[in-house]
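Below, chain A partners chain B and then partners chain C, in two separate complexes.
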Partner chain A sequence: MKGFLLIAIVVAAFAAVPLVVHSNVTLNFLVVALLIALAGQGWNVLGGYGGQYSFGHAAFFGTGAYVTAVLQMRYGVNAWIGFAAGIAAGSAVGAIVGTLAFRAGLRSSYFALVTLAFAEVLRILASVAPITGAGVGMLIKLDLRAQSFQFQSRALFYLVILALVAVALVTAQMLERSRFGAWLIAVRENEDAAMALGVDAFSIKLGAMVLSAAITAAAGGFYAQYFLFVDAGIAYGTWISIEALLTPVIGGVGTVFGPLVGALAAKSLGEGAKLVTGDVPGLDLMIYGAMLVLVIRFVPHGIVGAFADVSDRIKRRVLAARAPAREAVHG
Partner chain B sequence: MVEPLLSVEGISHRFGGLLAVDAASLWAPAGSITSLIGPNGAGKTTLFAVISGFLKPTAGRVRYGGEDVTGEPPHRLARRGMARTFQITKPFAGLSVRDNILIGAHLRHPARADALAVAETVARDVGLGELLDRPAHTMTAAARKRLELARALATEPKLLLLDEVLAGLNPSEIREVVPVIRALAGRGLAVVMIEHVMQAVMSLSAHVFVLAEGRIIAEGSPAHVTADPAVVEAYLGHGAAAKVGAHDVH
Partner chain C sequence: MWQPKMSLNRRRFLATTALGAAAAATGSLAMTSVLLAQGAAVKLGVLHPVTGALSYSGQQGRLGATMAIADINAAGGIKSLRGTKIDAILGDAQSTPQGGTAEVEKMNAAGAAGIVGGYASSICLAVSQAAARYNLPYVVDVGVADSIVKRGLKNTFRFGPGFGVIAKTALDNLVAINDQAGKPAKTVIIVHEDSLFGSGLAKLLNAQLPAKGFQILDTIAHPTPTRDFSTIVLKIKARNPDLVIPANYYNEYVLLARTMREQHVRLKGIYSVLGGAASSYKFVHDFPEAARYIMDCNHWFNPHSEKALALKKKVEAGGHYFTYEVYMNYSAVELIADAFERAASTDRDKVIAALASSTFSGHIMPYGPTKFVDGQNQGAAPVNTQVLDNDIKVVMPPQFANAKPVFPMPA
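What follows is the complex of A and B.
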């Protein structure tokens, strides 16, 4: 219950931002940060809780983005329905990749490489297939109406992505409290031991992959509606695979708030650096690299994990301080 | 005759050129403790891995609860009520003792609150009640053995395969765990234990199977097998039979 309350408080605080902040630049910054947090939360379900480190979440992000865009532009489907179909299609890609990878028993770096390969294959296909607009990409027609999933005001876009992030936070929190989540964590910690206790490791990993893909695909679909443009390098590019992985690693893998905290930290640093140096190409990647090194060196459990470690240490110290007192009373 | 809960019929398992288990047969009835003994490298752990579905046998059948379950995956066998511990303990290192046992309890209890209650009861039963909040990676080897036992018990098994749960425990710890195992058989479980602590084997088991170089070379009551010259030769070494015989047999 405490976890859900914290989510409610955090989401309410974010929801209040447009009441005080009217700057489009700031809102745009927050929309992008939340978009990355959402993609990262998808990665976190599989990588953080399940211990299956994917290097190819672009496969799901891109599928969400393309299906949302293509259904609208080629088939005249409503944007919201396109968005839902994008999530479904992303999940289906997750199911296919998961079935192939986990049936083959791929683990750790082999799994990472296979997911990367899938994303790259999709990127290449999307850059030549006529239906995706091939190398040119695809523009979504401007139609600033809520029923077309487009909004005049940045604030509304912001509230939509915030709602999606809220759903993802609640999903992660439910995962921590559910049997499915407990079994997923067990598979991460020791697959053989989990199987001996009745855990169907294959089905659990596959389920996590589908859920993970759905969340990241939602981020992709939102991206398409927000920027009204998709091409192969954006949708299936390694940039999003990297951001989806880095934000939870920086913020804290396998924690509810890790991806959100990581996305805000990474994006803030990136923007801060741009203010100082101007827009140097590749700067954001250098900053991510530096952050990653620092996080792994000093806070291996990420920012959220570091706070948890400190509070644990304080608790233990308080308990240790109390213990002799109790002995004195009884002794 | 009623079929025992577990019967292993002519199981062989080959690792490349090595025939680790060679046409081994054994059985274990409910409500009783059966021991599997034998020198290191005899194939005991491999046989457990075959029974529990982690390895597919090269030949032979595993019958459990009147059905042929050969080659079924471990998680399905666990659902049928088969639980095992690992000789080389496999704790969920990043989790607390409570959460480790919780995973086992979840098998029969989908709701977290129910599973937590079961986990705490089981922890107390095996003497881990004080350590519930300890991260598993900080536990001593002896406590890890108990954790293996607790997790397996939390699945509420009918058949329990214990792979050297007493190894590495000091005599006072052994004295604590032995009654726990005895009580399990008293509750109707079929217990099969691989054990080197002969005192425990002698005092706990109704029936003993002796494995040497992959083959069952003797079986019978503890007193019977330890008096068997073939066992003395293959396993205990000269003079050891007399030593074991000198112990009080309860």
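What follows is the complex of A and C.
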């Protein structure tokens, strides 16, 4: 319950932001950060909890984005239904990629490369297929009405993406507490040992892949509605695979809040670097890159992981301090 | 030994992160990339992709826009606003649509009276929509996708030509040049980058070239960036076309042209439509052999305009090349400054109305009379250029030409 309570507090705090902050600059910043956090949480389910490091989450992000856009613009489907269909389609792509990769017994770097290859194949297909607008991309018509999943106010977009992040946080928390999650972590720690204990590693990994894909596809669908334009480079480009991977790495792989903390830290770092560098082109990106290297070098378990490490160290010291006292009493 | 350093770096990291988060929470991010207003200056958003894959073009665009602002200010500012100066709010789209959108938010929060720039069509699309939310006047500098001005956005204007006009002009001029030379070219290969610009153009050419008597042997797409054209050039060599039509950005164009030269691909011509490098002095200067005789239908300045030639001299004196990004941004800023002048106000509705009814003249572009219909300047048109004698000459249309086309190109 402690975990869910913490999620409720964090989400409530974020939900209160539009009440005190009216700057669209800030809201846009937070929307993008939460969007990346959502994609990162998708990656975290599979990579963090399942130990299956994907380099191709763009495949799910792009499918979510394209299905949302194509259904609206080509078939006149309502945007919300298109968004739901995008999540379903992203999950389906996850199921296909997962079935093929896990059935073939691909692990670690081989799995990473295969996911990257799938994303690239989809990018190339999207850049030539007429239904996706080929290289021209898909432009969603500006229609600032709630029923079109478009809002005049950035605050409403912010609340929608916050709700999606909240669902993803609850999902991760449930994963940590569920039997499925325990099996998934067992597979991550030692797949052969887990299988020897009767865990169906294939089904568990596939389930995690589908869940991971669904969350990332939701981020893709939201991207399409927020920016109203997708093309192959945006939807299936490596940028989102990297962002989805980086945020949990910075925040803490395999932790509930890791992707959220990582996304906020990374985006704040980027903006902080801009504040420092002013208008010198690229200097902010150089500082951002250097800081990332430092974080990865000196905080290998991510920000949340570092806090957990410190907390563990304190607990151990307290226990160690108590032990001689106990021995003295009993001795 | 490194332990204390590690702890210091971590603190620094957290401090920087906290600074960014705090800045975000208070809305002070609006102040990033902002040249603060001096008095009651007119604030103009100057938005380009100055980092990322399109950074060269973006930086050139920024150069043109800031030079125009400096010239306008030096000439007395906006006279109908009692000589009010223009202050640039510089923004970096980081070569992505989402980067462009974020900058629009900052510019709007900083009180911009308008925005100029975008460069790539995908960025222009995102920027125009974000600006439309605030009824913020937006002048597209380069982005040529027709959809930019065909969505009914009242705030968006493009002074330069769009895809449709460029493709039609390019095809008409190609047919005219080929006919004049006795129709030596019959077969074509199109090499295009795979985003909005290249693919859109390839689609148009595929639809229209066959009707003009050309056979398209192949259409080859490549991503941006691409750093090796060997396979593509081998493919071209194997199909042996009369013409190659490249549609890509600067780096890829240069690499493609150089690789074709290195592999001795024999062609009757390289005819670009919006060729990223074909109308670039940098390309001609750096790779004169590869650039020789290349033809391009592209944005260009009026070679008979004294003002354009003076600007060219000034840009080159600063150690920069006079690329199309420079003079298109220069012109876009002049256009919106003219609108401020006509509106005698920075009120967004009034500026948009002034842009919509603009008859802006005295500019440096080879265009007809300025008249906007649904945000598109009807007088805008590209010209045909050719690399001749290590220089870029205008060869079509006759009223702006300063040389005659050389076609087919000598072996």
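Assume the second predicted complex is superposed on the first by the 312 of 331 C-alpha atoms of A that agree within 3 Å, B and C clash if a C-alpha of one lies under 4 Å from a C-alpha of the other, contacts with A are read in each partner's own complex, and residues count from 1 in each chain.
Simple rule for what comes next: contacts are C-beta pairs under 8 Å (C-beta built on N, C-alpha and C of every residue); 3 or more make two chains touch, one makes a residue touch a chain.
Keep in mind that this is a model prediction, so the values were computed, not measured.
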Check whether A:273 is in contact with chain B, with chain C, with both or with neither, and answer first, second, both or neither.
second
Who touches more of chain A, chain B or chain C?
C
Name the contact category of A:293: first (chain B only), second (chain C only), both, or neither.
neither
For A:195, is the partner it touches chain B (first), chain C (second), both, or none of the two (neither)?
first
Look at A:21 in the shared chain and tell me whether it touches chain B only, chain C only, both, or neither; answer first, second, both or neither.
second
After lining up the shared chain so the two structures overlap, which partner does A:135 touch, if you call chain B first and chain C second: first, second, both or neither?
second
Partner chain in contact with A:163 - chain B first, chain C second, else both or neither:
neither
According to the stated criteria, A:100 is in contact with first (chain B), second (chain C), both, or neither; which is it?
neither
The residues of chain A that touch chain B in their complex are 177-179, 182-183, 185-186, 189-190, 192-201
Report the residues of chain B in contact with chain A in the complex, numbered from low to high.
52, 54, 73-76, 78-79, 83-84, 86, 90-95, 99, 102-104, 106-107, 110-112, 115, 151-152, 154-155
Flag every residue of chain C that touches chain A in the complex, lowest number first.
6, 9-10, 13, 16-21, 23-27, 29-33, 35, 50-51, 55, 58-59, 90, 92, 94, 96-98, 101-102, 105-106, 108-109, 122, 125-126, 129, 132-133, 145, 147, 151, 153, 192-196, 198-200, 202-203, 221, 223-224
Give the list of chain A residues in touch with chain C in this complex.
17, 21-26, 28-30, 32, 127-128, 134-137, 139, 141-142, 144, 152, 154, 227-229, 231-234, 239, 264-265, 267-275, 278-279, 281-282, 285, 291, 294-295, 298-299, 306
